[in-house]
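Structures given as structure tokens follow.
Look at the two complexes coming up: subunit A is in both, with subunit B in one and subunit C in the other.
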Partner chain A sequence: MKARRTTKALQYVALLGYMVFLGFPLVWMLSTSFKPPREMVEIHPTLVPHNPTFDNYVEAFTEQELGRAALNSLQVSLATAVLTVLVALPAAYALARFKTRLGTVALGWVLLSQLFPFVLLVIPLFLILRQVDLVNTHAGLVLVYVVWALPFALWMLQGFVRNIPRELEEAAAVDGATRLQTLRRVVAPLLAPGVVATSLFAFISAWNEFFFALVLLKSPDLATLPVTLARFVGVEGIARLGPLAAGSLLATVPSLLFFAFLQRRLTSGSLAGAVKG
Partner chain B sequence: MLRKLVAVSAALLIGLSGCGGGGDEETSEGPVKLRFLSLAWQKESLAANRELVDKWNAEHPDIQVEYVQGDWNSVHDQLLTSFEGGDAPDVFQYESASIGEFAEQGYLADLSGLLSDDFKSEISQGIWDTVTVDGKVAGAPFLLESQVVIANKKLLDAAGVTVPAAGQAWTWDEFQANAQKLTKGGTYGVAWALKSPTNRVMNLSLNFDGKFFYTEGGKTEVKVGDAEKEIPRRIHDMIYVSKTASPDAVGMGGTDPLPGFFAGKYAMLPGGVFLRQQMVEQAPAGFEWVTLPPVKGTTANQAANPQTLSISEDSAGKKQAAQFVEYFLNPANQARLAQGDWLVPTGRKAGEELVKATGGKQGWDVAVASAADLTIAPFQTVSGYPEWKTKYATPALQQYFANKITLDQLGTQLVDGGKQVLR
Partner chain C sequence: MTTVARARARSDRTTVYLLLLPALLPVLVLSVVPLLRGIYLGFTDARAGRDVDTSFTGIDNYRELLSDDLFWSAFRIGLVWAFGVTILQFVLALGLALLLDQPLRFRGFARVMALVPWAMPPVIVGIMWRLVYHPDAGLLNEMLYRGGAEGLRHNWLGDFSTALPAVILVGIWAGMPQTTIVLLAGLQGVPRELHEAAAVDGASAWQRFRSVTIPNLMPVVIAITSLDFIWNFNSFGLVYVLTAGGPGGRTMLPMLFAYEEAFRYGNYGYAAALGNVMVVIIVALLAVYLRRRLREANA
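Then we have the complex of A and B:
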């Protein structure tokens, strides 16, 4: 009994340690965003600023159009998330449910496509998008992000589909449901956590992506947040830490909100007992 | 659920289709349109860049410049992609050490015939040499960084060390002797931040005519003789023999020693002229600092790697772009840009204006005077230098400054690295 209690206590300590490890950079960024320049180079830095200031936020917003960049990022990331799920969903279902040789080849190809570094692809991509007038448009960037996110999204989703017992679909068919009804009423609700996880993955990868956005978007009006934030970093990696921390903190908020909004749906659907006699 | 997804995605696509940049189609009528990629990142420099572009646009309705903000860390990939894709900015900011490869590939316009003689005569030949590739001028040099020494004035006074005036630099022997005087009671005379030591060693080695790269009969090789060993040996001796330089600072980057410097742990901080900005913005109230002229050996020469404005070969308005470059870098504007970035202007008049405008305070007199000793160094013309630096020179110098290898072993590693890269 005592040993079990000690184990539990140690587990909580480990969990707490892990949470501090994960949360500390965010807390430090919050602290830095409120520090005046002099406090950033103190030999004994403090977590709580002595003279907190909003100057870094004012500077970040007046110098760079962070609001517009955030809106651009939000549009692009949402579109990427939705389109990725929309394309990956039927493909993942087909890959998981229909056993064909093509399916195995397709999955292998999907894995293989992950091996190409994007630096290798960016110039051909740029040329192709220019041919179809999609350079310097959010639509072009979304297209690239969707294609980029699809292989992994497909893998994720087909795993979720496989976890849904086939017997449930068969039972629905026995009860007279058409395939479409089965998909809508039986499969879709059970697949919701998978859809949420996949869309989160696509959203966050688009939200954080830097290089394609840098290369494909030329007009300042279209720039996304990562590209805009990079402007606070100068020669030889010397950064304007205050405005950068302020901007980065604000950049973190939307993805946190998006995650908070969807995380309740992320918990796996309860299948326990679904196929018991 | 699927229906909702379809509806949402359709709405997003319709929305996004209206978010295009509108393309860059050139029309035969209307003003010439130029895109200017700027790398300004300091607050004052950003403001100056934007204001100058706005002023140009107001004064030149027939040549309109679009200001595009870039950043130093990704500009190389951004330019490379846009050159390959045929969509490069008309005018862009970068640095002499990096534009050479673009010039060799034919991406840059030769500015020698595009810029006026008046403009060219403002800048010394040594600086023009740093942007000349195969006889063609690849960029207009406009901002320079020299290596100076920032010092804690109170500690200098307490040790009886006199601050030298601009143009009356200490020799290395004097610098080392003064570091000795300043080393006492937990304070080191100097903090050498040597996390990325190669460029600094290459730059300072010109003080003793240390070239490292020697070309004979079209073949370049690395040689490490007495001249090349002088700077590494002196720095190493300060850390491990006289113990006048802090061993803690060896692994630090350029601005990392600042907290220790402000706390009085180090009396002098060798570094780029831009360090003065950190002093102004971050030094605690009452902290007195001074800028000491660059230390000299047999000469005060240092390598110049000026920031540049280049024009793309594919630009449809090269002549107009050159007009813009000359306007943007006229003496008054250049002085303002230099002040905003805490760097030294290349133009003589711009330097004079800057000293006049600032009264020479905050080290501007020393900074501007140091420009006279900046010139091209052999390493700047060697195409394999970046690879040699990353793969061989930096690790070898880091080991030497960490006291893990001898000076002779350092020399051998640098020469062997050169053989690998410059085959």
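Then we have the complex of A and C:
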């Protein structure tokens, strides 16, 4: 009994250790984001700011470059989400409802494409987009993001389609509904949660993406949030760390919400291994 | 098959292709084609610029790579990084997954916390850890000072000897959630009866872990470590933000090296060749790893 209690205690200590390791960097960024410039240059920084201030957030919001970058990111991510779902929806339906070898081929391609470093992909992409004058445009970047998100979106959506009992569609057909009516009245409402989840996934993958945005967009006016934030790094003086921390935290909010939304599924394991980091 | 059925099957097939086309076409044009072209570029002397002639040069790029010290250094650092991150990440993630599988209090909270790094874009993770490692305003140096180890204060990312370990630690932090969640799912898939049977037979916790948990978890372990290794070897954004390959190239991962070759110096062909080499290396390493594991499983 005593040995068991020691084990339990050790387990809690280990768990605490993990939580500190995982949580502390985040707490520190949070703390930094509330510090006025004066406290940033203190010889011994403290975890809790002496005079917490919202100035850094105000500055991050009003900083012209960050605001524009956030708007760019929003545009690109929304377009990616909408386009991905529009393109994936019919294909996912076909993959789920008809027997075709293409499904296996598609999944094989997803796995295979993981092997290739982005540099192999991005140079030809750059050349192809330049041929059609889409380099340094949001449209070009969105196209790349859609293709990038598509395999997983397809896989996710066709799972949702499979969960809709085929009998429902057959019953509607027996009642004299046309195929289109069946899709609109029966399938569409049941598929709504799947569409939401898939578009969120596409949105987040575009929102967080860095490499393609770095290479494919040259003008600072067009840069997305990660690229703009990364540009601040290195040239920031110590006094600018506060706004940088605040901006970074704000930029994380969408994906935090997304993960909060998916959290239950993720920890129950049903989606485990499905989302690429 | 009757003619009617055959006609129906054919119309079905047309429908399927029509439905799949909008998804397949972009993937073909912007994923399959570029990849093939990228592989081909690795055998040419392609350079940046609109009107530059490109010619097929065979294995010239690879010969040049062999005698390129910077490539060898990037390659070595890439291997240290990829193996270091993957192995430590796995060990730590397994520990956390085992804990989260126990009936502990705060388990729900801990599971959410374990997901947080996953929800953060790599660029933000990089910025955050720069704040932690900051020589003056950083958390780490301050903790060392408070802990009475002022002598250990360091410019963690700027010092030749600590830059790579510091970056590896961030890599572990950023990648732990995926690995933990996958392992946790694997643990929950191990049949309870096996554990109970082993306990009845008098097996200790450690014996049960070795002879019940590990063998049942093995397929998951192989899958996630392989994927982790691929992702780590090809990773870019995190280290780009943390050190941009510095100081003095001490954290110059192969991907960073290829990026510089391609977009700073415009050597597209050379960079693509480097990409090809990376694919071959990854495939070779995975082949060795998977063969050994499979042989162990069959032994």
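As a convention for this text, the second predicted complex is superposed on the first by the 175 of 277 C-alpha atoms of A that agree within 3 Å, B and C clash if a C-alpha of one lies under 4 Å from a C-alpha of the other, contacts with A are read in each partner's own complex, and residues count from 1 in each chain.
The rule we apply is simple: a contact is a pair of C-beta atoms (placed from the backbone, for glycine too) under 8 Å apart; a residue touches a chain by one contact, two chains touch by 3 or more.
From a predicted model like this one, the values you see are computed outputs, not experimental measurements.
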* Go through the superposed model and pick first if A:210 touches only subunit B, second if only subunit C, both, or neither. => both
* Using the superposition on chain A described above, determine whether A:168 touches subunit B (first), subunit C (second), both, or neither. => neither
* **More subunit A residues in contact [subunit B versus subunit C]** => C
* Touching partner for A:138 - first (subunit B), second (subunit C), both, neither -> first
* To do: Would you sort A:177 into first (subunit B), second (subunit C), both or neither based on which partner it touches?
  => neither
* What is the contact status of A:118 with respect to subunit B (first) and subunit C (second): first, second, both, or neither? -> second
* In the superposed arrangement, which partner chain does A:28 touch: subunit B (first), subunit C (second), both, or neither? -> second
* Asked: Where does A:75 make contact in the superposed view: on subunit B (first), on subunit C (second), on both, or on neither?
  -> first
* Structure fact -> Both partners, subunit B and subunit C, contact subunit A at residues 40-43, 86, 119, 122-123, 127, 130, 210-211, 215, 230, 233-234, 238
* Hey, which residues of subunit A end up touching subunit B in the complex? -> 37-38, 40-43, 59, 63-64, 72, 75-76, 78-79, 82-83, 85-86, 89, 119, 122-123, 126-127, 130, 133, 135-139, 142, 184, 188, 192, 195, 210-211, 214-215, 217-223, 230-238, 240
* subunit A partner contacts - residues on subunit C that touch it in the complex -> 12, 15-16, 18-20, 22-24, 26-27, 29-35, 37-39, 41-42, 46, 50, 92, 95-96, 99, 102, 104-106, 110-124, 126-132, 134, 136-139, 142, 145, 173-178, 181-182, 184-185, 188-189, 223-224, 227, 230-231, 233-234, 236-237, 240-241, 244, 254-255, 258-259, 262-263, 268, 271-272, 274-276, 278-279, 282-283
* Asked: What residues of subunit A sit close enough to touch subunit C in their complex?
  -> 8, 11-12, 14-15, 18-19, 21-26, 28-29, 32, 40-45, 47, 86-88, 90-91, 93-95, 98, 100, 102, 109, 113-125, 127-128, 130, 143-144, 146-148, 150-151, 154, 207-208, 210-211, 215, 226-227, 229-230, 233-234, 238, 241, 244-245, 248, 251-252, 255-256, 258-259, 263, 266-267, 269, 272-273, 275-277
* Asked: Which residues, counting only subunit B, touch subunit A once they are in their complex?
  -> 1-2, 5-6, 8-9, 12-13, 15-17, 19-24, 35, 41-43, 46, 66-74, 77-78, 81-82, 84-87, 196, 253-255, 258-260, 262-263, 265, 274, 278, 281-285
